[in-house]
Structure formats: C-alpha cells, structure tokens
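Can you keep this structure in mind? I'll have questions shortly.
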Amino acid sequence: MVSFESDYTTGAHPRLLRRLVETNREPLPGYGADPYSARAKEKIRAAVGMEDAEVEFLAGGTQTNAVVISAMLSDCEGVIAAQTGHVSAHEAGAIEYTGHKVLTLPQEDGKIRPETLARYLADFFSDENRGHMVFPGMAYVSHPTEYGTLYAKSELEAISEICGRYGITLYLDGARLGCGLMSRAADLTLPDIARLCGVFSIGGTKVGALCGEAVVFTRHNEPARFLTSVKKRGALLAKGRLLGVQFDALFTDGLYFRISRHAVDMAERMKALFAARGFRFFVDSPTNQQFVILENGYMERLAEKIGFCRWEKYDADHTVVRFAASWSTTEEDLAALERALESV
Amino acid sequence: MVSFESDYTTGAHPRLLRRLVETNREPLPGYGADPYSARAKEKIRAAVGMEDAEVEFLAGGTQTNAVVISAMLSDCEGVIAAQTGHVSAHEAGAIEYTGHKVLTLPQEDGKIRPETLARYLADFFSDENRGHMVFPGMAYVSHPTEYGTLYAKSELEAISEICGRYGITLYLDGARLGCGLMSRAADLTLPDIARLCGVFSIGGTKVGALCGEAVVFTRHNEPARFLTSVKKRGALLAKGRLLGVQFDALFTDGLYFRISRHAVDMAERMKALFAARGFRFFVDSPTNQQFVILENGYMERLAEKIGFCRWEKYDADHTVVRFAASWSTTEEDLAALERALESV
Amino acid sequence: MVSFESDYTTGAHPRLLRRLVETNREPLPGYGADPYSARAKEKIRAAVGMEDAEVEFLAGGTQTNAVVISAMLSDCEGVIAAQTGHVSAHEAGAIEYTGHKVLTLPQEDGKIRPETLARYLADFFSDENRGHMVFPGMAYVSHPTEYGTLYAKSELEAISEICGRYGITLYLDGARLGCGLMSRAADLTLPDIARLCGVFSIGGTKVGALCGEAVVFTRHNEPARFLTSVKKRGALLAKGRLLGVQFDALFTDGLYFRISRHAVDMAERMKALFAARGFRFFVDSPTNQQFVILENGYMERLAEKIGFCRWEKYDADHTVVRFAASWSTTEEDLAALERALESV
Amino acid sequence: MVSFESDYTTGAHPRLLRRLVETNREPLPGYGADPYSARAKEKIRAAVGMEDAEVEFLAGGTQTNAVVISAMLSDCEGVIAAQTGHVSAHEAGAIEYTGHKVLTLPQEDGKIRPETLARYLADFFSDENRGHMVFPGMAYVSHPTEYGTLYAKSELEAISEICGRYGITLYLDGARLGCGLMSRAADLTLPDIARLCGVFSIGGTKVGALCGEAVVFTRHNEPARFLTSVKKRGALLAKGRLLGVQFDALFTDGLYFRISRHAVDMAERMKALFAARGFRFFVDSPTNQQFVILENGYMERLAEKIGFCRWEKYDADHTVVRFAASWSTTEEDLAALERALESV
C-alpha cells in the first residue's frame, strides 16, 4: 500500500546509498575523524556562510536535542519550548532525563510568539522568587515546527534579539530544515539562521539520509570536550563514516536542497488534492507535512486504501491525521492518493 | 596505507549494503516496527535456541550498555564489572551518567574470576553497613573481553550460578560476540550464553554492520515499556530498518558466523606473523584482536608503514598496541603487514 | 519588625525544643534507627488510623518531594501536577534533576480539577503516539495548595478513584497538612487522606518543627531499600533523632493539631483585618496563608511597617503578597498588623 | 549502655542547643539569609584566615559531598578519591546519582599518596584514548580520613601542587575536620587547608551540631547560582537558621576547637586502654576514631557490655570495630569502657 505515513518510511536517497557503497572498503578512522566527515563539515560551513562555524554529527533527532541541550545548559538552567515542541511532547522525557526542565510556553500554530517569550523572560527575571526556580538558559524552536509551519524572518529576528538581550542561547531544531528552506513560503535562508541562532541542527533522517543530524555551533560555543559528552550519552558512532559520507553527499551539488524541494512540491500537490475536495486542514502548512482533519468513519475507510499517520484527536468525531512527502514520493504515489480520495 | 587499527575501519559487509539497497524503496513503519526487524528477531531467537527470547536493536555499543544497564537496575543498584571492562574504563562515564555506579573488581586477562565475584558478593551481603552502599544488581562481563580473551564454559557457568544465588542479572556484552563464538578456543555456544545469561548483546558494528547491536533478554525480563526507555535515552532510530535489514542479513545463511570466522582466521595468521618474529603479546588472545608489546622507537617506525592502534603504555620504553582483523581483512593486507614487519 | 513573611520565620514550637534538650545526652543509634523515631512512627500510624502504614522522616519539603517521587516512579514515568504545584514551579527543577518530567495540568485556585485529570489520562492512554511520551505514573496534589486552598473530600475521592482506575499513585504533599486539617473549611480528615492517597507527607517545618517531613506509605508500597535511596540522594541525616524527637513531640497530645489550629485561627483574624478594610484577596484561602492584592505604592509603604512576602505580579500596578501565620503568631503580632494597616 | 558507636550518637553540644532556644522566637528570613548565618560565615572566614572566602551551609555530609562535587564538575569530569573514601564506598552512590564517576585510586591508611595521584594524572593525560574516558576534574581527600588518619602538611602540599598543575580542584572533606586540627599529630592548620584546597568542608554533625556542614570556597570559585543548585538537589533548608545559629555558636570563643580537642583527648585515653591490654589497631589513628581488631567471640561478649560499631571483616576470625569519642564522651564513659575490657 502506498504510504504517506511519514518522511522516514523509505530508506535513503539513492545517491547517499551509492556513496556508502563506493566508499565502503576504504579504511577510515572511527568516531567521526574520517575525511568524509571533515569534508561534510566544510561543505556545511560553506552552505551556512560561516567559515568558522563548528559542526558535529549525531545519529538521531531526539538524541541531538538531548545532547545539545544538556551539554550547553548550565546546572540551574532549563530550556524554553512551545508546549507542542518535540522536546516538550514527543521525546519521552529525554531532556528531563538529563536533569533539566523543559519550560513550556503557549504556542500558536506550533510556534512561540516573540511577545510570549519576551513576557515570560521579563516576568522571570523580575520574579523575587526566581532563586527557587529553573533559570531559562536556552530557547528551543523547531523550524519547520511539528505542524509544518515556519517562522517568518521577522519573528526569528525578534526571538533572537530577545534571547541575546537575556544572554540565552537560541537553538533551532532543524529536523526538517531543508523543507523549511525550500518552502515557497520561506523567507529565512541558511545564513539567516546561522546568524540568528547560537546553535541549530540540520536534519538528515527526514531529508533523505538513513540517519544523521548535523549540529552547527555559530558562536564558537561548542562545549569543551563535546565528543566526550557525546560518548558519555551513548551517542558516538564507531563508524562515524556512516554520518560523514551521507552528509558529504547531501551537501554536494545542492542535493539536500533538491531533496527538500521535491518533498515540498509533492506536499503542495497533496495539499491541493485535499483542498480541492473541501477537506479542512488543522493548520496551514507550507512544508512537507500536511495535517488534515478527517471524520473518524471516513478515516477508517481511507486507511484501508492508503497509509497515513493518526496524529491526535480533534473532537469526538474527528481526528487530525498527517500526510507527509519525502525524497521518495512519486507521481504514482500522488495518483494513488487521488484514487483513494475518490473512492472512499 | 593498510590498516589494522580496529575492526570498524571499513564499512559494512557487502551483503548488508546490498540488502539496504534492495529494500531501500519499500515503505516501512519506523522505530523498529518493520518486518525486517521482526524477521531478524525471529532468526536471532532461532540461533540462540530460545524461542521466547525477547530481542531489541540499538545503534551502538556504549549506547547498548547504558540503555540495558540503566533500564534493568533498580534505584539502589550498580553494575559489577572488571576494572578493564568497557563500561568501567572506556565509555566516558556513560553508566554513571544514568545515575548508577560501576562496581569494579580486579581482573585477570580482562576477565572476572568467579572466585573474585563470589567473595565480593559474600562480603557485600554480610557487611553490616551495606545499607549505605551501592547494591550489586547486575554483573557485566564482556565476551570476548576488551583484550580479546574468552570465558571458558566452566567459568561462565560458575559466574551464572553465583549471580543466580544472589538474584543478580548476568549481562554479557557481546560487542564482538561472533569472534568469541568462532574462535578455535571457544567452548561456549550461543545457546550456552542464552542459557547462562539474563541478558546479552550480539554486536553488529564490529562484525560487519554499519552500526547496530542486538539485545537478547532470556528470562522474559525485558523491562516494561522498553522502547520508551530507549527513546528517553535518545537511542531510538526513526528508520529502524537500518538495524533490522542489517541483522536480518547477518543472521541469514550464517553470515554473522562466517564473518566472525574470517576475522578470527585472519587474526590467527596475523598473530603467527608476530610470533614467528619473537614479538611478545600482552595477552594471549584467541579472537580477532591481538595485543602486541612494541618498543617505542620500533613502534614509531612501524607506524609509518602500517596502521594499528596504540592501546596503553606498557613501561617507559614499550607500548601495547592493537592489531585487529575484520570482515574486510584480506590476504593482501596480511602480506602488507608481513612486508612492514620485515622492513622496519 | 513584626513579620508575617512566612510560616518558617521563627524556630520550633518550644515543646519540640524542650524535648530536644531533654533527650540530648541519650546515646541513640543514628540514621533514624532511634526509639524516638520508632515511637513517632507509631503515633503517626495511630493518628492516620492505619496500623500498617509505613512511615519515614526526611528533612525538607523539596527533598521529600524529590525523594518520594523519584523513588516511586518507574523509568518511563513522570508526575502529574498543577502548573502552580510546588514541584512544577518552585523547586528549581528538583524533580527533573532526578530524570523525571513534571506533567503540568491547568489549575483552579491551585487545585487540579478531577475532570481535568480524567480527561488528560483518557487522552493520554488513547494516544497512539504515547510510546514516545512520558507516562503518567503519579499524580501530585498539595493540600493545602500553594495558595492555601483545600480539596473537598468529594474532589479528593474523585481524584483517588481516577488514579486507581489508571494504576497511578496519588501523592499528597502535606507540607502544611495540619493547617488543612484544622481549617474550619476542611472536610478531609487524616484517615480520609490515608485511605485516598497512596503516599502523602505530613509537614513539620511549616508546622512548628525546625525541620522535618514525615512520609506515609499507605499501600505497603514503600520502595524496597528506601533508606538507601534516601542516602543516595544525600537526604539521610546522621542524627535522625533530630526528626524523631520532633515528630514524637508533634504527635504527642495532639500538639501538631493544636499548632495548626492556632495558625489557622490567627490567619482568619488576619484575613478579617484585611477584609474589613476592603482589600481584595487573590484567592479565598481558609488556611494559614492569605494572599492579598496590594497596589504597588501602598505595598512599598506597608513594607516599611510590617513584614510580608511579595508573591507575584498581579498586573502593572498591583502585586499579590502573602501574609502567613504560624505557631508563633501572637495577639501582639495581629495588633501590629492592624496598626500598620491603619497608618499607611 | 555506654556507647562509643559513633560521634553522632548524642545530640548537640549544650551551647548550641542553648543558642537555638535563645534565638527561637526571633523572626528571621529563611533559606540561609538570616543574620546568624551571615555572622557564622564571617567567623569562619576569620578562622580560616581568608576574608574573601565564600561560605555556605548544608545539612549533611553525603549531601555536602554530592552538592559540591556535582555543582563544581563540568560535564565530562569525575572526581578522584581513595577506594576507601566516603564518596567511593559509603554514600550509596550519591555522586554517581549526579551523573559523575568516582575515579578510585589505591589508598594507604585511608590516604591517597601524592605519587599515586601524580602517576594517575600523568598517565591519564598522556593516554591517547582519554577522549573516551572520564576526565579527572577534582581530587577528593578526607581529613581526617575514614580511618581517622591525617595528611601531613607536606603531603597535602604535594597533592595541592599536583592538582594545580593539572587545573584540578582539590576538595577536602572535613566531616571531622576539628579532630584533625586538634590532634596532637596534626601539622596542618585551618589557614593551611584554605590555602591548599580549592574547596573544603568543616563538619558540624560529628563535631557537636545536630546537623550541618560548612563549605568554604577559597578561590572565588563558588559556582554561580549555587543556592539554586542546592535547592535543585533538595538540600536547601527553609529554616536555614538551624545551621546558622549552630555554626555561629561553634565558631564563637573557639568552641569548635574545644569540642574537637575534647573528643581527641578522650580518644587518646581510649586508645591507651586498648594498647595497655595488647589489642591490635587496624590503623594508627591520632584522632577521635579508633579502629581495633577483635577476635569474633570476644567481640560478641564485649558487645554485651559496651556499645561500639562493627566496621569490617578483618579475617575469618577477627573483625575491625570502631570506637569513637565526641563532645559528649565523659570520664564515666571511659571508666565503663575500662570495666568492660576488664570483665570480658
């Protein structure tokens, strides 16, 4: 059955697999000290437009969030996130496991509004009892958000400015960053993000890799002995080449961006299929994930024809479901979706 | 330059890569719920000779140790390990990071002697002050050990019996288990290990996979909600197929064992090259890692000809170095080693 | 200056101090194994009406919450609490430091409404993605709450029933429990609480002790090796007599209840002084803490005459302040408050 | 029965109790912001001979070790300690609970020899694999040690110099520091210790207080927001006066030193009673704890006459037992001990 369940239902973009095959027999140092990792870092620095950025690779998204956040926060600090943020809701308490609180703020379309952040910080730092509270040490935003939405440049600038004012690191979780950059709605570039954030990730897993996230530190702020911190958290791969070779391929000839553009294009056509039939969207997403509200009976029937992901209850009779596109989504997949929508 | 630096310098056994390529476009559920993972588990149960064993996959070795140990220990417990055990010495404190102590015992050739364990436990449980001490909740052994040595069947039986008497889980770290099973010196089979241990791992990374360790629970003792525990520790891969497909291939047609046998055979020939030239071994290893004592000046010159790993200082003038063989070690590699030894 | 800043501004009720002096030279076993601790536990069991309840003593409130919650939760679990709950807001992340998330729910007058809890749990356990979420393992309520309010018997019964249905422990933080029990508005007795909760604390620090909280486990559910867990968290006092002697005194001749009644009576008269002058209350508290809304200029002038605690911003021009009564609040203190209110 | 079981079997020195009684009704700010705490800090600074030392108070010994060590170590660091160190052996894993490893070194009479430390550090920092190991960030010594022994000035100077060379903090656990300072064998003064250590504790619990340890930071190295770190670890007492008043009394008119001298004097006489009868000592202790080797049958009979503590097994037939003196040990106690030794 054709599946739009997620952007990680298929394997890797063929070019990445091919490079893994081609480089397979080369003896390389372990733990990320291989030349492919070095080259990938160089290419990411170029794409980011910051030649002194520090770049590291990790295997998974939750892992990246937990490692980066816990390694960068100091003892009394927690991380601010939207209530719907991945670190707040869907990481099984991975941040708290490191001993740090997620300080949740209300969200709008998956985003933290700059005013909300500003008010929270102003209140916190004027609270006489703050010595008994968790200090905000970092603000976490996801871009695209968990609902596929995007921060406007002005919004991220405002958030960045607020963080700077309070000496707080701004961390952008880019698990699907490519789809954010290649969306027709995007007005943030990769160099913009590097300029505005203290640290951010460039997701590979959901953008054509078997696994892998790049972390970019933009303020010479990579924690000392970071690889030991990674090891301590069980996150250091012996065959670091697995990440290096893939990211080297992703950042060669703009492949990362082409994969992302393809996924976004496919999602737009998917969205059009739903819109043309009068379906309601839970949120207006300009990226590769679309959240549609389905009546429960209809949902069950549709699930027999096509794969998708049940996201959350909407009301007693309706459910929010997710349809995602990826590097592997084809014309045939879209046609199958159309047939399914026609026939249910 | 030809390298014997480790058994993770090259990529994956070609058969694993081929299967990743062949299955790449199939849409599969994420997080290990794919049919390849299911099939791999079934094959591992068969190889282990225990049809109700519980099997899970993780990405790395330190990760596996940290996840398994922390998820299985109760609050007041620590894990017993040899001073040279991987969890004691070379995981950057990953176990302690989970809030549990590693209780180190003296070792002999990398192994815990049963008598040492028995005496420690007898002393502990007769100590009137034990309420202020860390309770031993698990015993960790590596097989092969960090020095390539193997437990005899009688030794593991004795350790298993001691653990059972005190209600302690016996955990065997099998990062290189295949090489232990395929060594000509081995008298422990996979079913022996399953019978004697409460939980053990079957390492993939060092036996031909890009990454991946299988964990086998043999007493219906997989912790409740284990996958959530895995997620909480940042160790759940979205594309679990990466592990499932590889382990499915490793346990098809005995590939895991053939890879291991090849590595051990190559190591024996490597060992013979050293022995024939009168080199001293730090320990008598019957598996794929050989630890040779080199005079420092000689070591530096040899390092210009061939790749190996500096392990630890032996004395002021000598260093213990490691030469490892793997699935990818070839006749040509051995010839290059011989030439290097001849010419330095 | 007379102070109503908190219920911990003065030392211990004189009877407790006297008992510390009287027993001071007796040689007693350490770490809570002394006969005063044993006797205090017996008296608490009697007061609680549950002869097989397990009772332990700890030094502080945040400590008690962190120790009890972390020792009782299993790996994947978090604790549910109101957003205003002490564990959520004012313990500097002590719960998260133990690796567990505080799952916050909206509150009303500092309380969790049973419907809110029921809906949260129903939603959680029907969420298909809950394997990636923190499982609720405990519900935390404070009684009185941080705003001095009380759960009605019907409310706590409903919450207890909901927790039971989902197999979740109900933990009641009784840092000021006496004031809850002795309030004229209370309809919950100590045996009610023992019957409805899986575990609860009986606060000493804010009810006349120098320090000390009793923890009561009501379901034979004291974690195994609990004192070792306490030690591991740095919370085991060598001279456990300090807690035992004080709780023995508190639960002799109903002293705990008389102290509490005195504090509540004084608070009611305090409340009347404010009400008579038309002050607004932030919440209608029937216990020993009163939360009054003061205009900022007035607040500053009043602060020169009498001690109180600035609680939180109400709006741009007003602040919520706290006035608390305790065992040591006297007629003269109230007269001083009245004079201050008259003269500002 | 007269007891020498420990130095915490009786309550507080009467002068401390008296001061608690005298100050009991004064309304004071909580959480250590009271004037008695301030005054006690001032007196400690004077006694230490370092006017800019930072001083904080905590309740217990294990708590102090866990809070100080975890708040001062950075992410990848562990603490070096003797195998017999309190943090290694008898704190139920409190340090590991904070996520940091205790790096144990061999000991001699409970002490770390400077050469042992120097060799360990030299080896560590020349180890090519140290990126996969726990970095030593602190060295922990106890003075007196757990066996009552003392570091010579030259030894502590050597250790301090070694730590300084490697940029490692030297932490001295002074749970019984007074007895170390007042021993006739001591050649280290309080100012010496302040000069040589980066941080140290001055124990109250075992030197006449109900509870309480002072922590002295000597290099302007008190961690930022330390009180929040204390709160986060559940270690902040609401009625901080309990610690402040006691330490103020201890450091008034040299009481701390007089108490210590008394305990040491009594221990010397106790030691003489054993020595005169030909008993063997496990270690030659010049402080308030004496470790005697008793034949097991004798031990059982003696235990019916006098209280002492069974420390550890010596051999199949003998046990090491501890006799401790404190502020409350009297002539009558010694006479009772003598009678007991005569009559068994």
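Order of writing sets the labels: A, B, C and D. Residues in every chain begin at 1.
As a convention for this text, a contact is a pair of C-beta atoms (placed from the backbone, for glycine too) under 8 Å apart; a residue touches a chain by one contact, two chains touch by 3 or more.
Everything numeric in this text was worked out from a predicted model, so none of it was measured.
**Student:** More contacting C-beta pairs: A-B or A-D?
**Tutor:** When the contacts at A-D and A-B are counted, A-B has more.
**Student:** Working from the CA atoms, figure out how many degrees chain B turns to land on chain C, in steps of 5.
**Tutor:** The two chains, chain B and chain C, differ by a rotation of 180 degrees.
**Student:** Using C-alpha centres only, name the chain that sits farthest from chain B.
**Tutor:** Centre of mass proxy via C-alpha means gives C as farthest from chain B.
**Student:** Could you work out how far the Cα centre of chain A sits from that of chain D, in whole Å?
**Tutor:** 50
**Student:** Rounded to the nearest whole Å, what is the centre-to-centre distance of chain A and chain B, using the mean of the C-alpha atoms as each centre?
**Tutor:** Distance between chain centres: 33 Å.
**Student:** Two or more other chains in contact with one residue: find those residues in chain B.
**Tutor:** Chain B, residues with two or more chain partners: 76, 91-93, 97, 99, 131-134, 228-229, 231-232.
**Student:** Using the touch rule from the top, collect the residues of chain C that touch chain D in their complex.
**Tutor:** Against chain D, the touching part of chain C is residues 1-3, 5-6, 8-12, 14, 17, 20-21, 23-30, 59-67, 91-94, 97, 205-206, 210-211, 228-229, 231-239, 241-242, 307, 328.
**Student:** Using the touch definition from the top, list the residues of chain D that touch chain B in their complex.
**Tutor:** Where chain D meets chain B, its residues are 76, 78, 89-93, 96-102, 104, 123, 126-129, 131-134, 310-313.
**Student:** Provide the residue numbers of chain D that touch chain A in the complex, in ascending order.
**Tutor:** The touching residues are 31, 70-71, 74-76, 99, 131-135, 223-225, 227-229, 231-232.
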